[in-house]
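Here the structure comes first, spelled out in structure tokens, and everything after it is commentary.
Chain nomenclature is as follows: A, B, C, D, E and F, assigned in order of appearance, with residue numbering initiated at 1 for each chain independently.
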Amino acid sequence: MKKIEAIIRPFKLDDVKKALNDIGVQGLTVLEVKGFGRQKGHTELYRGAEYVVDLVPKVKIDVVVDDAQVEPAIEAIRKAAQSGKIGDGKIFVSDISDVVRIRTGERGASAV
Amino acid sequence: MKSMRTLLTIMWAATVIMLSIPTFAQDAAAPAAPVAAPEATTAAPADAAAPAEAAPADAAAAPAAPALNSGDTAWMLTSTLLVLMMTIPGLALFYGGMVRKKNVLATVMQSFAITCLVTVLWMIAGYSMAFTEGNPYVGGLSRAFLNGMGPGEFSPLAGTIPESVFMTFQMTFAIITPALITGAFADRMKFSAMMLFMTAWSLLVYSPICHAVWGPGGLIGGWGVLDFAGGTVVHINAGVAGLVCALVLGKRVGYGTEPLPPHNLVYSVIGAALLWVGWFGFNAGSAVAANGTAGMAMAVTQIATAAAGLSWMFTEWMLKGKPSVLGIISGAVAGLVAITPAAGFVDPMGGLIIGIVAGIACYIGATALKHALGYDDSLDAFGVHGVGGIVGAILTGVFAREAISGAATKTGLIEGNSAQVVTQLYGIGATIVYCAVVTFIILKVVDLIVGLRVDPDVEREGLDINLHGEVVN
Amino acid sequence: MKSMRTLLTIMWAATVIMLSIPTFAQDAAAPAAPVAAPEATTAAPADAAAPAEAAPADAAAAPAAPALNSGDTAWMLTSTLLVLMMTIPGLALFYGGMVRKKNVLATVMQSFAITCLVTVLWMIAGYSMAFTEGNPYVGGLSRAFLNGMGPGEFSPLAGTIPESVFMTFQMTFAIITPALITGAFADRMKFSAMMLFMTAWSLLVYSPICHAVWGPGGLIGGWGVLDFAGGTVVHINAGVAGLVCALVLGKRVGYGTEPLPPHNLVYSVIGAALLWVGWFGFNAGSAVAANGTAGMAMAVTQIATAAAGLSWMFTEWMLKGKPSVLGIISGAVAGLVAITPAAGFVDPMGGLIIGIVAGIACYIGATALKHALGYDDSLDAFGVHGVGGIVGAILTGVFAREAISGAATKTGLIEGNSAQVVTQLYGIGATIVYCAVVTFIILKVVDLIVGLRVDPDVEREGLDINLHGEVVN
Amino acid sequence: MKSMRTLLTIMWAATVIMLSIPTFAQDAAAPAAPVAAPEATTAAPADAAAPAEAAPADAAAAPAAPALNSGDTAWMLTSTLLVLMMTIPGLALFYGGMVRKKNVLATVMQSFAITCLVTVLWMIAGYSMAFTEGNPYVGGLSRAFLNGMGPGEFSPLAGTIPESVFMTFQMTFAIITPALITGAFADRMKFSAMMLFMTAWSLLVYSPICHAVWGPGGLIGGWGVLDFAGGTVVHINAGVAGLVCALVLGKRVGYGTEPLPPHNLVYSVIGAALLWVGWFGFNAGSAVAANGTAGMAMAVTQIATAAAGLSWMFTEWMLKGKPSVLGIISGAVAGLVAITPAAGFVDPMGGLIIGIVAGIACYIGATALKHALGYDDSLDAFGVHGVGGIVGAILTGVFAREAISGAATKTGLIEGNSAQVVTQLYGIGATIVYCAVVTFIILKVVDLIVGLRVDPDVEREGLDINLHGEVVN
Amino acid sequence: MKKIEAIIRPFKLDDVKKALNDIGVQGLTVLEVKGFGRQKGHTELYRGAEYVVDLVPKVKIDVVVDDAQVEPAIEAIRKAAQSGKIGDGKIFVSDISDVVRIRTGERGASAV
Amino acid sequence: MKKIEAIIRPFKLDDVKKALNDIGVQGLTVLEVKGFGRQKGHTELYRGAEYVVDLVPKVKIDVVVDDAQVEPAIEAIRKAAQSGKIGDGKIFVSDISDVVRIRTGERGASAV
């Protein structure tokens, strides 16, 4: 099993959720984060002083999927989250060695 | 615990010392002041001779025989609670929204604790020191502990309302003035130090200046300085004290290197709005009557405030590209400050101009001036209240009109009385010098006793959890 | 920067044009209006002949010789600041809590900026256009820039209080009306476009309608329409303008496809509560005196508001299974709106029924009606203020009673005067048509000049950071 | 849905039953009560003979011929809305900030819904049951549905203001009292159960006790109990009812095992500040006039509140090492509660002492007492209002002074009248017993009908989402 | 070393923390997240309109433990977090290749 | 590629960000978390009752870097975040099997 961590623009969350749903992903976890990347932050004002806020609000989605679903999921996320402008975000993939469903105690792939 | 006990001892000692000072001052200074009815020159305590009184029953023509006017009393009861509302929750929120989240409770705590503290001090000695007969510098102790105050008492300064109402109304001014100062040292002062400082400041700075401007036989009032509702007593006083605090305490950790943005301007907007609403108690209430003077004071206050909000906003919009929420509310407060000394003296056009000028001047005060001089006045207590107060005091000397003030002696440059501007400058100067010197001394003494600033670690982690054991989730 | 400069130019031009219109209108329309003392028919400006006056000294029997009444003045000073408090912070919070977090500052900014803007416009021309002699459609310019206003002036429309107070009281109505409209286009209008739109709307829609209903010789007032405190002038007017805005601007991005829930109803509850509290200034203040009419207006306002809160809540509870916080506060506001034209005319039972009906009608307005017609009135400016205002105006024609209104001519269907309902419908119709047409034209012109809507990307990311450079943490 | 329908049926039935009780009681109890003008002994409804009236025109010397005083009316209109503001948004925020975030909307909802509910109940029967002639225990139904109330009506209990204003002023007291109780059962009561409970409590507990203390011919007032503004009627009553609720409902899930800290004390500070500001309407408004008594009530209220805030703060600082924000605001509220019965009777020194004692006593009430007895009074409705109310009622009997109260019969221990303390104890005792018994019965009945507590799962997940379908983001 | 990520119901946090403490776990990190799984979200109200909020508030606990502690920790979490109803949550296990204690600079297992 | 997760004191965030920037790290993600470790929580007050809040606010930084950058990055974080007192935090390192840049669709090391 793999964990896919996708860092996307907040307002793309609904689209990405729908896209993942469409390919059969049954669960995901969402975190509010702040990101720092090539995208330059906003300028904010404070009593006439300007300062750059380089941490931009982003949303992180964690999805754990079967190995077979990794590529479709990446593709789904990429399409739904892409706007073509700097700041679209990143997807990181890593291994998961075990999964437990707390309610039933099931383990492994069937618990995903 | 230890600092706690020290604090209590100090506060007690301070009170005792304060209480003896007026007597001393009385002896020392009395011969220096041949004053002629200053209360006829400064309007706040009693503008009895307002010209608009069509119904003679409503005016207290002869203050010698005080007669209760229920309409005036109704308005002054209302004004009193409005000015209280300016401090809590108004100012508490205005300042609280501007600090970082880790300091919001400590910030609102300052306004709330000052409200409690100054109420008790005013009852014990402050009122008496400000508003009873004494010398040109400070009053006497005849009303210490509000001795003799009852439902049938009247003050010679406010003939148509009970003295209890006048005393409480003035108390709310004594509360908000020190509370304004806290903006200058937000995010870094010890709570114990603040309580000590405010105790001394209220008795040693506020009451004397209040007496000098508005009290019977007061020095500055005697010069003919025009201060309708407290530009000098409240705003210049608080602004200058704030500047001294900012200089003595030094900059916040991280100032200049990391952004220290307001954490929730919704709170600041609520605060600014309640300041605006409550300020009608402050300015129109300073007519001490429900009459045409109060009405004009309300109208010009509204106009100047709006004009200043817009002028700050448009200035920022033009210079920085965006009109900020903090900008428009800061401008509105600047307008309120600047119109305060002028409220009962200027006409609507005067109010409009004062507002426009104040918005721009305080924008400069909170940006260019602060950066040029390099002090860290966290929430611009000086930049807004000091600068706005000075601008307002001078422009009062420019725009005062007989048709509004109702007195041939209360006119400004615009009606040919250029001397008034000079008189205003004297008043400003005297207040700045006295306030700056005494504030500095008090700070140094408090620093010796308990220390002024929190540890850098405490400052970094936040005052809420460290000083008060509470956080906002 | 560029749009900024354009904006300033436009605002200036608009002001100049506005200022010339009344004069033109005066010439064109004056002969058309033989009117008989409309201020005796509509109560807001001066309900001098209130029946409850046991003490003749308190009533201004002969408006020809104005005499200051300090009690009336005290109440009107208070009422003025209460109505200001309704807009800031009341309405600002009511609306601010209902939008998404990324737009909360932009939303409160709208109310605050309108407060500043309309204050200045009202001083320059609005007051004069609404309340001085002119023609049936608009007043003259004799009080432009509040020319001649001083502490001794009285308006013929409010004999016992200074004109400065009457002017400022009416100013607060002129402020809240455009601020109410902002609920309809929340989350998507440019700030510059809003400022331009409101400038024009205040002068071209509000002042004329205000004059027609309450001004000397006003057209609609002359028909005998009953509008105690502004159901027509304020609520129908704002509601209809909101509907036009919602239609012209179109739906929010995401409307219908994603939930757009309120981010913090605590703010909305504070807002609704302050609207309720402040509304006593609005309704009881519209008696322009501290007397029995004011007392009855207060009592029926309280009853109708509570009844409407409960009726919305129970309707929702029955239909949806849960009583929501937003439901009860929306109901309360609906009740406040509906009782506004009726406040000085109906008895407690009338108030109770008006409240119950308003709660249910506005529930339908904000749900079934909106969904059936398919417009996106973001915060239900039309659903609550438009619908509630119309319901209230009609029911005023039903429940007005001589025992309360004190005039045999001010009675409703319930006392056999079925003609009053028809008269009310005329008033409603005239307001809707005039307001809708002029609002539409102004929107189209503003759209040409600066564009009405923000970019979709700006809308998605949030107005706070993009328009004002600030965020709430 | 089902519980909803049950609820509506019950509420209707309850109202009908309530409405018949007074008549019954009237028959049963009338012969038992030879009472002598209690309204001359308790000050709240009409302190007409205030000593401070320098202008006789302002005092209603002969209540037989009521004459409107516009100043008094202005102040009472203002006081009415101030007391409304105490409940919404004041108390709503004070309590809302203290609960966990998942329950904040349910908490503010309680205050808002009670405001709506009690307004309607008061109109239907509550006012009549409290303030019309009846027997010593309850009034009659002559003003049911406010029958006959119009702009020209006066109540014999308030001679210089319209009865509509007096009725609405008293309504706001009837609103805040049940709202105070909600602090005791916060976080765990069903909304439907709360609505039912409050309906019954308002009619069966509040109106009778209000009548007994302030109504014409009331039992407790007839004993000579001093209760200026509602220490007994409002605070002891609400505190005791809260204690019974806390005992009957049991502890919150997690109480004692996990921390249940306030989620946002900024809200609580706003709430406490608005309670303080609004309390001037409560206490100074209870003079029912804008005169010297109102002025003294305002002054001592301010002093006692500040003193209590400081005394709680310093107690906590000494015992726990830190002065908390919740501490100082709780202390201030404790001071407001304790000064309530005393406000028109004690001098400033009396106010100072009452404040200091109340701060310490309520600190103990909310900590040691609660922990010793082991009940879970979530937000200390009893710890602050019950304890503070009792302390205040007793100390009123100690510190009442003729110079302030203006009556030789209204003096305390300090002027040698030790019997007054005993009289006060009678009043306290009667209120506690009646309130506790009837509250208990109502709770048991409501429990049978709809059940009092939410499911543990609902309690864990939060009331906002489960009861009202809304959350704060 | 392994990282255990457990997504649980918010009000189970105290129980889980205690259970982990009991088996000797010395540190953990807590994140507020929103989850989407088999559990259907709540219906919320907005002026008479109902809509489904499908993202349910959850708490995520990250614990890094020695390999030997993995099974006891999973067991402890499972027991403490279980209610048997849909929405109890999931546990994900993955490898950690290195750990550094910032204060001392220690690395590897001894730094956990 | 490796993922470095660093849990640090909130007020050290700016220093750590700067330190990572200096060694050429181009992107990172920041999360607000609460931590439980050797550091004892604060005592809070509630109407005279004291209670211990054992979850201390912390900031978590996720940085994905090339294998070659792992050691410099760890070193940079450690230096910038260290105060020497309990509660300085931890750094966890794990493997990342793939990276995708959403904007361009690039994958692998070049997408970091």
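The definition used in the following text is that contacts are C-beta pairs under 8 Å (C-beta built on N, C-alpha and C of every residue); 3 or more make two chains touch, one makes a residue touch a chain.
Here the structure is a predicted model, which means the values were calculated and not measured.
The minimum number of touch steps linking chain B to chain F comes to 1. Counting hops only between chains that touch, chain C reaches chain E in a minimum of 1.
Equivalent interface to B-F within the set D-F, C-E or A-C: A-C (over half of contact pairs identical by residue number). Chain pairs A-C and D-F differ in how many C-beta pairs are in contact, and the one with more is D-F.
Chain F has its Cα centroid 18 Å from the Cα centroid of chain A.
Separating the CA-averaged centres of chain D and chain E is a span of 47 Å. Centre-to-centre spacing of chain C and chain F amounts to 53 Å, using the average Cα coordinate of each chain.
Shared interface positions of chain D, i.e. residues touching 2 or more other chains, are given as 69-72, 74-75, 78, 261-262, 270, 290, 320, 322, 324, 326, 468-470.
Looking at chain E, residues 31, 44-45, 50, 94-95 sit in touch with two or more other chains. Inter-chain contacts occur between A-B, A-C, A-E, A-F, B-C, B-D, B-F, C-D, C-E, D-E, D-F, E-F.
Touching chain D in their complex are the following residues of chain B: 1, 4, 8, 66-75, 77-78, 80-81, 84-85, 88-89, 92-93, 96, 104-105, 108-109, 112-113, 115-117, 119-120, 123, 145-146, 149-154, 161-165, 167-168, 171, 191, 267, 270, 290, 467-470, 472-473.
Interface residues of chain F, counted against chain A in their complex, comprise 3, 17, 26-31, 64, 94-103, 105, 111.
Interface residues of chain C facing chain A in the complex, by the touch rule stated above, are 254, 257-258, 460-461, 465, 468-471.
Residue ranges of chain F in contact with chain E, taken from their complex: 2, 6-8, 31, 33-38, 54-55, 58, 60, 74, 77-78, 81-95.
Taken in their complex, chain C has these residues touching chain E: 259-262, 316, 319-320, 322, 324, 326-327, 330, 363, 366-367, 371, 380, 383.
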